[in-house]
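Down below is the structure, laid out as structure tokens.
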Amino acid sequence: MPPSAPSTTAAYSADYSLRERLAQRYREVRAHSLALAAPLSPEDQCIQSMPDASPTKWHLAHSSWFFEAIVLQPFAVGYRPFDKRFAHLFNSYYESLGPRHPRPQRGLLTRPSLGEVHAFREHVDAAVLSLIADVDAAAWESAAPLLVLGLNHEQQHQELMLTDILHAFSCNPLLPAYRRAGPSSMPPTAELPAMRWLPMPGGVTPIGHTGEGFAFDNETPRHQVLLPPFRIADRLVTCGEYALFVADGGYQRPALWLSDGWAMVQAQGWQAPAYWISPGDPRAPSAEWQEFSLRGVRSLDTRAPVSHLSFYEAAAYAEWAGARLPTEFEWEAAYGTSAITQMIGEQWQWTRSSYDPYPGFRPLCGAASEYNGKFMVGQLVLRGGSSATPAGHSRGSYRNFFPPAARWQFSGLRLAKDA
Amino acid sequence: MPPSAPSTTAAYSADYSLRERLAQRYREVRAHSLALAAPLSPEDQCIQSMPDASPTKWHLAHSSWFFEAIVLQPFAVGYRPFDKRFAHLFNSYYESLGPRHPRPQRGLLTRPSLGEVHAFREHVDAAVLSLIADVDAAAWESAAPLLVLGLNHEQQHQELMLTDILHAFSCNPLLPAYRRAGPSSMPPTAELPAMRWLPMPGGVTPIGHTGEGFAFDNETPRHQVLLPPFRIADRLVTCGEYALFVADGGYQRPALWLSDGWAMVQAQGWQAPAYWISPGDPRAPSAEWQEFSLRGVRSLDTRAPVSHLSFYEAAAYAEWAGARLPTEFEWEAAYGTSAITQMIGEQWQWTRSSYDPYPGFRPLCGAASEYNGKFMVGQLVLRGGSSATPAGHSRGSYRNFFPPAARWQFSGLRLAKDA
Amino acid sequence: MPPSAPSTTAAYSADYSLRERLAQRYREVRAHSLALAAPLSPEDQCIQSMPDASPTKWHLAHSSWFFEAIVLQPFAVGYRPFDKRFAHLFNSYYESLGPRHPRPQRGLLTRPSLGEVHAFREHVDAAVLSLIADVDAAAWESAAPLLVLGLNHEQQHQELMLTDILHAFSCNPLLPAYRRAGPSSMPPTAELPAMRWLPMPGGVTPIGHTGEGFAFDNETPRHQVLLPPFRIADRLVTCGEYALFVADGGYQRPALWLSDGWAMVQAQGWQAPAYWISPGDPRAPSAEWQEFSLRGVRSLDTRAPVSHLSFYEAAAYAEWAGARLPTEFEWEAAYGTSAITQMIGEQWQWTRSSYDPYPGFRPLCGAASEYNGKFMVGQLVLRGGSSATPAGHSRGSYRNFFPPAARWQFSGLRLAKDA
Amino acid sequence: MPPSAPSTTAAYSADYSLRERLAQRYREVRAHSLALAAPLSPEDQCIQSMPDASPTKWHLAHSSWFFEAIVLQPFAVGYRPFDKRFAHLFNSYYESLGPRHPRPQRGLLTRPSLGEVHAFREHVDAAVLSLIADVDAAAWESAAPLLVLGLNHEQQHQELMLTDILHAFSCNPLLPAYRRAGPSSMPPTAELPAMRWLPMPGGVTPIGHTGEGFAFDNETPRHQVLLPPFRIADRLVTCGEYALFVADGGYQRPALWLSDGWAMVQAQGWQAPAYWISPGDPRAPSAEWQEFSLRGVRSLDTRAPVSHLSFYEAAAYAEWAGARLPTEFEWEAAYGTSAITQMIGEQWQWTRSSYDPYPGFRPLCGAASEYNGKFMVGQLVLRGGSSATPAGHSRGSYRNFFPPAARWQFSGLRLAKDA
């Protein structure tokens, strides 16, 4: 027997197990997308409330097209697209993959129907699972990382499905709830601990992905950053704290704001975070501030982390509080510190870092090169992950990014200070 | 027996018969709206492709709200609105009836669902039919004309349901058909008769509604207009004729256009009527011009009346043809002339008349005063009626009106000339 | 001697006298333009405060280019343009005469300097006066009417020079006066006579230019219009009367407004006529309403005709006053009536007539065909003439026209009523 | 005699000498502004060609107002403003100093006239020079740094006077020259040396102002940055090199561009740097590319550094060239390296660094706090200085900043690479 046989068998076993695990993860991630869409009617899933948001149905189709374009067409021998016209409809921004339906008109795509999009998903799922099972080892080497990319991509769209439908529902005077169920984040009697400042030593700090497990290209390469000592808050700013800023005239005092932020406050008439409902609003009469959420209109939970802030608002609050936002490097340096809380899973946290490439950054190859790199200007980095982020999707090195005026994400803030 | 008894009985009978006829017509008109919506999915019925157009579902709800606001709330004792919030959602432009959901956001109303809108219609239908049967004679005197207004109003929205869904579908690269069935307007072998110029004597001409049957307030009062002699075409301009204008560089020659029209041609890149598909369009490859229609993509029927023109295009074509558009008074004077054809039921016909009030015009009373009069500036009059106009809805004195750049209506032209 | 000799001599004399009179009028009109510009600095004459307005210098140059393009180049043998590039800079909207500098960028033309524009005017003046003196009789026949057109054209720009600089100065927080001198329109002790309603019989009425003297093409052909009897106010609405409308909440009551007008009130935040200065305005502190005018900030003269209204405001005022605007035909029918006042020379008067062509209207030939006809859509007719209109320029058949939202003209209103 | 007497005298002398030197520098800087404006007519100095640019006259007045607001009003006892209304007209963006004339309407300020602005400058100059001579020592301590700030501020506006008038003249089809004189940057026979890559070691590098001499607050605090080794070009990219990028389809290949940059290319129709004139342009017919400059239309100097690029274009060129832009830290680390050229005085150089605050950054106090800090979002850092930058104004730590789409500055690029 050739000496390589045993190791081949071992590799095969390992490979088999890997493939099986990936297939299982594929099924779970794909099923989760449908589960998120389940509370929504076909009408709900069709609409687009602003150019930056997309319909639920479009998310369901686009994440399937992504597998088709990135994995199936290059690697699945004999694969036939479900409908050749879908590449035009469901390509988001990949210039190398051809022209696209205009982004602001995604809400006009009543056809294909939701049923057809479900059939598209099933068609892609069957082909992907078949590819996982059958593709030869050489192709597997190339395809597997792209499959994993596709799953992480779909998870990003899972969060967007929630942020986008929340925006859409906020435009409906009936203020419908995405779903009524679900506990609030804290038991009503819980007392909020006072915020504490954690001292951090600074120094030469490794930043970026360690290389274990999946990461997006924008988290690499891992490199050293020299940080001065600083202090960082052990928890996020709450709605109750932010309400004090509002009550103190925060939205009327230009000295607290960056110039572009103040222009936005005036142009858009901002008075509070995006989905706060002011006392007396005819859509949901109340004497108190309320919040519109995925669970409908609720009393403001003063202990919960504030959300749906733009970068401008986060920075203005920090100024008002006599503090500042942490840089993304400070945030990452603080990640894993014992006393720190609410790092992942509560709210995305605006940092005081523009979204620039890391030293030595190289985008992925092929169409995936357009995934992150081409957006590295005009955006700010958010760190952490929100309650809408799929479990296990984020990590300490994860770099989310949005333009500074974006408010429809689950975005709050954590304070920092110089040492 | 009191002398009035017999006549009372007679009046009662007449009244009873009138009520029964109106109830029957109500049922027919209302059922027709649903029949028009039937080929469309809930998703199709939800979307709005531009601020000027409305979702099918919105039309279905708005025409029901109109009965509720104009007839049921004033006259149906004890009537309870289906949902008080609907007044805000489905009021179109009646300032006197309170604030409204912003027009450009009608497509975001996934809730109420289509099913709820159907239930709303049934609720209104039951109440209206009950009112027709039971309301006392005094109230009937006031309510009956408003009911008739409501039915004519609903018929207007029936046409808009078709024009609006056609526009929405034209924005979908799949170019779906509203319905495939239906013959084309002429048998393929029919020869198109040459256009003939009909001489008209002019003179003092009665204009406006005669008073028999229903008319909108803008058709009144009937009055005399002094017309010079003129000539008018016996039929509409066809697609084949209009294609000659296109081929002759009609859209590249400013001398043919009104100044605002030429600005529009350049700003919008107009090259042909709204739904013409140029040779080589990737959405529907062909070597010839085609047309997108309610029946999907079709070869251009050169004998059919051209449609989906703006006023600017109609006027430019007339200039190119060495003719002009008729005034609305010339059109009305020619109505009923023996040799003239295609007056009603083919295409709305742009006239060379701005939409000004008739001498002595008085709007209706109450909320209905906002129906027509407040739009009498900045619009042009169209006469006739289109294949999308419900049968029996239009008439010789009917004044339709749209801004001069509107192209999503079934709007064509008939030529005229000075004598 | 040939029998024609004497008559030739006579014709020559007549012709000579005509030419001399025209030369004299040319000199006067041209000098008046410069006189109007005289109070303004080169900086003042250079700026453009909105796309609809033009710099003084541009008016001075454009009106000269008009003579060059319409008269000198066709008829002055051997004429050499002052600067060939000026055709591009100073063509307003004549498509047949080539491409143009974009209208909104006229204020960027610091070069040619004002001095060069003066030299351009002198160059044109010399050539025109030479042509008047020397051109042969055949060319004279064609050239003379175009010269007269050019003078009337220049007079129109004389009024625009005033309306445009008033708008420009209104944008300067210093609120400079065009010139301080000049009496107010009425001695301060004069009492304002009560407005009287003049009854007019209606009937078949000749409308349009009689043919004596100059008229623009849009005033022709003279034709008959059938008018119902009506009543018309013997004078214009005053600032004092309009102030009552303002004080009565006129700008807050949608029921008084046309739909487009109400949208404008809300979008633009209109609260009063264009140049009224509300009490407390920091630019010119006062406890009373004031008015910004060519003579600077003044107390509101309650007896003076109200000015700087849009059509929408004029129509809303009329509705509030229980009256309406006259049609342009009613206005013309009333012109010359003995008891009527303030017909010409006070304020342009919005009519309830859209600017449509008269029956049988034919534009002028050549480039002049673009003078009026191509604007006959989307505008409303104003009649009369204002205090800024050059003396002798307007007449009873004169049709001025502006879009309904225009407020920077000297535009007021006169009321009318059905009989 | 008190022991301090001698030292007082010495301090007085030193102070006297310092004051005298500052007065001298004040006179020079102020005179230079007028010298820069001298080639321009009053009309030229009045216009504003886009909201981002300002009129020359406004620059002259604003830089004077800055001294008035920052130095004279706080420190010059009994100072009377030249005209109290000028604070409203000539405040740029200082929220703490009151409301301002809208930025896009600066070109409408024909009043005050240029002559009055000159008088305003003289009024301020007299007061400043008097203050320098006479103010007591305690106030001098506070006033002197603000005077120096005011001079550096005026120098920044000196460069803007040139960039802004270049933009304004580029909008005039006559393409006037600011001044004809001046040699081109290189003798025509000079050969361009090949670009060389200079290796840089990286490591912990001090960044920020050393503390000697004036610096803006945004250059502080000096701090350590850890840099990887890298390579940097010894000279700037030339017009000739950039022309190869244009010829190679650089503006047609989305893969080379950041996403926002590609959107800009398409929306604005960019085909080349801002003032390049394509072959065949009717304004300046030529068979070759030309450039519009302060000296008018010139042949493209292929050896001169390319200018008037947006950040997007600079980044796309670098991508095309297989390189990247340096970070602002790399640029500063390379500053002073022996072999490097064209660091200051040729073109501002876009870096791959967003304009974020340095660690520990603190803005200046008082109104000057608005000078830099509030703009630290949405902008990119440029380093170096251009031929339009006043001599001695820039330095190695200087941080200029503009939004990524800005093209009207003298902005080019230098390439860098990873080691």
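For clarity, chains are labelled A, B, C and D in written order, and residue numbers in each chain start from 1.
The rule is simple: a residue touches a chain if its C-beta (ideal position, glycine included) is under 8 Å from a C-beta of that chain, and two chains touch if they have at least 3 such contacts.
Please read these numbers as outputs of a predicted model, since none were measured by experiment.
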item	value
Set of chains adjacent to subunit A and to subunit B	none
Approximate Å spacing (C-alpha centroids) for the pair subunit A, subunit C	60
Gap in Å, rounded to a whole number, between the CA centres of subunit D and subunit C	47
Centre-to-centre distance between subunit C and subunit B (centres being mean Cα positions), rounded to whole Å	38
Interface hub residues of subunit A, defined as touching at least two other chains	none
Chain-level touch network, classified as line, ring, star, complete or other	ring
Interchain contacts, given as pairs of chains that touch	A-B, A-D, B-C, C-D
Complex contact set, residues of subunit C against subunit B	93, 95-96, 204, 223-228, 254-255, 257-262, 311-312, 315, 327, 352-357, 359-360, 369, 374-378, 380, 404, 418
Complex contacts: residues of subunit C adjacent to subunit D	41-47, 49, 85, 88-89, 101, 105, 107-114, 168, 171-174, 176
